[in-house]
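Each chain gets a letter, A, B, C, D, E and F, in the order it is written, and its residues are counted from 1.
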Amino acid sequence: MTKLHRGLIIGRFQPFHNGHSRLIRHILNECNEVIIAIGSSQFNYSFSNPFTAGERLQMVHDTLIEQETDLKKIYIVPISNSENNAVWLSNLSSMVPKFDILYSGNRFVTELVSHNRGTSFTVVIPRLYRKNVYNGTKIRVGMTSDEKWIKCISASTYKIIMENNGVQRMKLLLEIEKSESGDKIREYPNVK
Amino acid sequence: MTKLHRGLIIGRFQPFHNGHSRLIRHILNECNEVIIAIGSSQFNYSFSNPFTAGERLQMVHDTLIEQETDLKKIYIVPISNSENNAVWLSNLSSMVPKFDILYSGNRFVTELVSHNRGTSFTVVIPRLYRKNVYNGTKIRVGMTSDEKWIKCISASTYKIIMENNGVQRMKLLLEIEKSESGDKIREYPNVK
Amino acid sequence: MTKLHRGLIIGRFQPFHNGHSRLIRHILNECNEVIIAIGSSQFNYSFSNPFTAGERLQMVHDTLIEQETDLKKIYIVPISNSENNAVWLSNLSSMVPKFDILYSGNRFVTELVSHNRGTSFTVVIPRLYRKNVYNGTKIRVGMTSDEKWIKCISASTYKIIMENNGVQRMKLLLEIEKSESGDKIREYPNVK
Amino acid sequence: MTKLHRGLIIGRFQPFHNGHSRLIRHILNECNEVIIAIGSSQFNYSFSNPFTAGERLQMVHDTLIEQETDLKKIYIVPISNSENNAVWLSNLSSMVPKFDILYSGNRFVTELVSHNRGTSFTVVIPRLYRKNVYNGTKIRVGMTSDEKWIKCISASTYKIIMENNGVQRMKLLLEIEKSESGDKIREYPNVK
Amino acid sequence: MTKLHRGLIIGRFQPFHNGHSRLIRHILNECNEVIIAIGSSQFNYSFSNPFTAGERLQMVHDTLIEQETDLKKIYIVPISNSENNAVWLSNLSSMVPKFDILYSGNRFVTELVSHNRGTSFTVVIPRLYRKNVYNGTKIRVGMTSDEKWIKCISASTYKIIMENNGVQRMKLLLEIEKSESGDKIREYPNVK
Amino acid sequence: MTKLHRGLIIGRFQPFHNGHSRLIRHILNECNEVIIAIGSSQFNYSFSNPFTAGERLQMVHDTLIEQETDLKKIYIVPISNSENNAVWLSNLSSMVPKFDILYSGNRFVTELVSHNRGTSFTVVIPRLYRKNVYNGTKIRVGMTSDEKWIKCISASTYKIIMENNGVQRMKLLLEIEKSESGDKIREYPNVK
């Protein structure tokens, strides 16, 4: 086959888990290269977005090495979001190499892509592997209670979470989440 | 009467409905010209703000033509919002022709206007026509269940919604709204 | 012909002049409708961008009425710019009705459009009428010296400039432009 | 003691109450100077953030005079928040004089500070005085029902609230809060 | 006199010099209180804006103490600028206590204020004291060559500049200013 | 040696040239890993910043493969800039893995780092290889005249520039740069 195929997946990776890495391996069966876009890169230290883009980048990078993925085929790119949803696709496109296939099971992505008539890539709906287990929200909630979440992530991701006191951070953020209401992201750092 | 009177109404028009158009006709009885400000213009593709500013602009434009309004008397202007509420009035003023009367039943508008001491216009509280029926939130929710909403909007608005797959979009956005929590606008485009 | 053709032109219209209005009339010979996008809408009170979006909107609106243009065929929309040039096209698209032809003699626009592979519209390079005379920069500079600029604009635009003390404003902004250097837009309001 | 000690507290001060002023007096026993940072300065006219930064600044200023605090030892500085929590500390640092001690019982602050390895100041957890009584949320809710809240604030703060029709503003904002859902800050000024 | 008079001056104070402090003393003869707004607060570490808002705040604070000004009459407030000039007045107003007189010899301020019809304050043009000597640009340039600038500032401001290696900073920023072109503020931190 | 050393360089890479890649190889002699931060990521399609972050990312990625660099040791991360220079270091830190050494010959970086007292990394001034030849500005200017620039970049970067019509883009951007003045980035897309 002469034409280069490049796939793209976008996730917040809070944290990067086995469902994500399995999907990446799956795409590498179909494409020569994969772009892994780390969404909501400007958010961190909130219960929904506990880890910084830098921490998430390292989770992805180290897990791929752990799994002996050929990094020549990989691009990992933090992407910030804007208020205007209709603009996210062109912002994304300006931050990553050109791609031929966008892998997304998220119907919102499909909707936004269809809004941009005439895009030059295909949208493919991937089968998510055991998505009730490998689920970001469940893992984050799990981190504050028991240890089952550890089986959902790679050894590398676990190591990065531990080095950054991630469990303690999650417990603290949950506590703040529970005790407050309103626009938490902006109000956290204050004395009430 | 020698002095030109220009009225302004602001709405998100998600979607533009018969209550809005009736209010505009009412204002045209009292003023020579009307400015129709489309608020929250930067938001779209969320359940509360499903339509882009461009789509909403066309709903207003086409409905006014359908109702044989004289467009010489009309200005339709998308307005984006900022975080600082105390600034919205001067931002609005920089984006539209000067106006003499601001029509608003919203007491928040009254409050913000009174905060800007010395404004050069009057605030008038309009009587909203059948506001339990002609209500944006109800219409949006209605679009995902039955067909009663169709009677609340003009033929032109209906046509624009259909051409843009608006009903399907609303159902999708409701589903996302239900299945998620937190800062949805920014998290939508991601794989969980 | 069954298909609706809609053309779009974008300009800063500082101020709106006869070259602009002639181009609009030309497009109305080729298209059923025209979208007139007022660029850099967030800038005002600087020498390059002296008039607010609201003032410019009124210049366009009133000139079109003066020239007996059928306003049913017209959309006038302020558009703000962002730092990321690669995003401007999709931001523009979210703020206006769909269009089929983008009229632009600006090769930068052509370049950006070609960057967005698969757009759904055509770019057409219009012939600008006497572009050395009908030129925004020349008119702005002219406003500070003699009266030749008056012949470049419509009676309506002239009236709006006069009502808003536009000549005095231009002279003041030129003076500030000359006396200072650096990031003027942000430093103006200060005591040195 | 030769070295200057400067403490910093950050709060939204919605409104400034006796718990805040007592903490400031406490810090002045331990430090030569106190920086009082008014957080979320860009928010106002919402139920959680009813007062403008200017109104809050005056509450602090006037209360300190009322309590005969030596203003030579005081800096009062409005601080806006950004989306990126990991950046708030350096933004704060760029807006205030250097400080040696950050007083905060908020564990989120502690977490963010520990994220910035190698900060040049100490974090001290203050004992908040009767924090179930002197509590911003309770006072704001209280303002809409009875008069107990008056005992929680200084005469000066009371005077500023009254002069700005603060009670009426709170009642209005509560009503809007109750009747709506979603991203209220951005949707308030609109007709539904 | 029963009515409280409060004056406001706005400056970038890069750095705060004797012309500024003299103007403040002058205003205190005419008003009961003065608000000192530190403009362009978000800019720092560029040749035109070398000092952070925090450093400038301390220059003002310490100089006023040095000159035995009664701080009960003083408010010092950093203000950031936005792109939309027509909005700066209402942003300013939301960040400071209400004021009755705006002191400004800057005709741009006069122009913007007149744009906001119906403001509740008066604009007064102050006589600047020896404005060719007490001039921010001259002082900044002077800091990179000889020592004459020292006579233009207070002992307190001098101390703060020295403690923060301000002279060395200015020399470095001038060098970068000379060696580069284009959008320096955004490009500085990069390797060419 | 047990401790992991990670170096970081930041550049705009407009375009990525042999001086950059040589520096990266040099750092890999001293550090186990290198983070390559692509600065000013939000800028593109201007003469100083012609290439998108995505194009630049691919230049770096492909050149490193061409030079047989072990990608396990490499992180490539686009970084956007903000107006507040004092904040850039913490924004950078939130977007990349932790690093021990910041390589920069740019004295502005040194200055900003020293402003952040107590950083956890060292700043090292690298020797730039033939910096009069391997110089971004020279290469960009060169692209519009002759072919000498080709020797300054890798075969991979050359290929990416050609595939994206980079030479034609540079000529166009230079022409616009010459013919206009003022705030070009924001005014380009408009009709004059």
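Heads up, the rule we're going with is that contacts are C-beta pairs under 8 Å (C-beta built on N, C-alpha and C of every residue); 3 or more make two chains touch, one makes a residue touch a chain.
Remember, predicted model here, so these are calculated numbers, not experimental data.
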item: Chains in simultaneous contact with chain B and chain D; value: A, E
item: Separation of chain D from chain E, taking each centre as the mean of its C-alpha atoms, in whole Å; value: 25
item: Computed distance of Cα centres, chain B from chain A, in Å; value: 35
item: Rounded Å distance between chain A and chain C, as computed from the means of their C-alpha atoms; value: 41
item: Of all residues in chain F, the ones touching two or more other chains; value: 43-44, 52, 84, 86, 93-94, 185
item: Full enumeration of touching chain pairs; value: A-B, A-C, A-D, A-F, B-C, B-D, B-E, C-E, C-F, D-E, D-F, E-F
item: Chain A residues within the chain D interface of the complex; value: 42-46, 52, 165, 169, 172-173, 175-176, 182-183, 185-192
item: List of chain B residues in touch with chain C within their complex; value: 41, 44, 52-55, 57-58, 61, 65, 71-72, 74-78, 80, 93-98
item: In the complex, chain B residues that touch chain D; value: 9-12, 20, 23, 39-40, 43, 48, 81, 83-86, 88, 104-109, 111-112, 114-115, 128, 131, 135-137, 185
item: Of all residues in chain B, those that touch chain E in their complex; value: 84, 86-87, 89-91, 93-94, 116-120
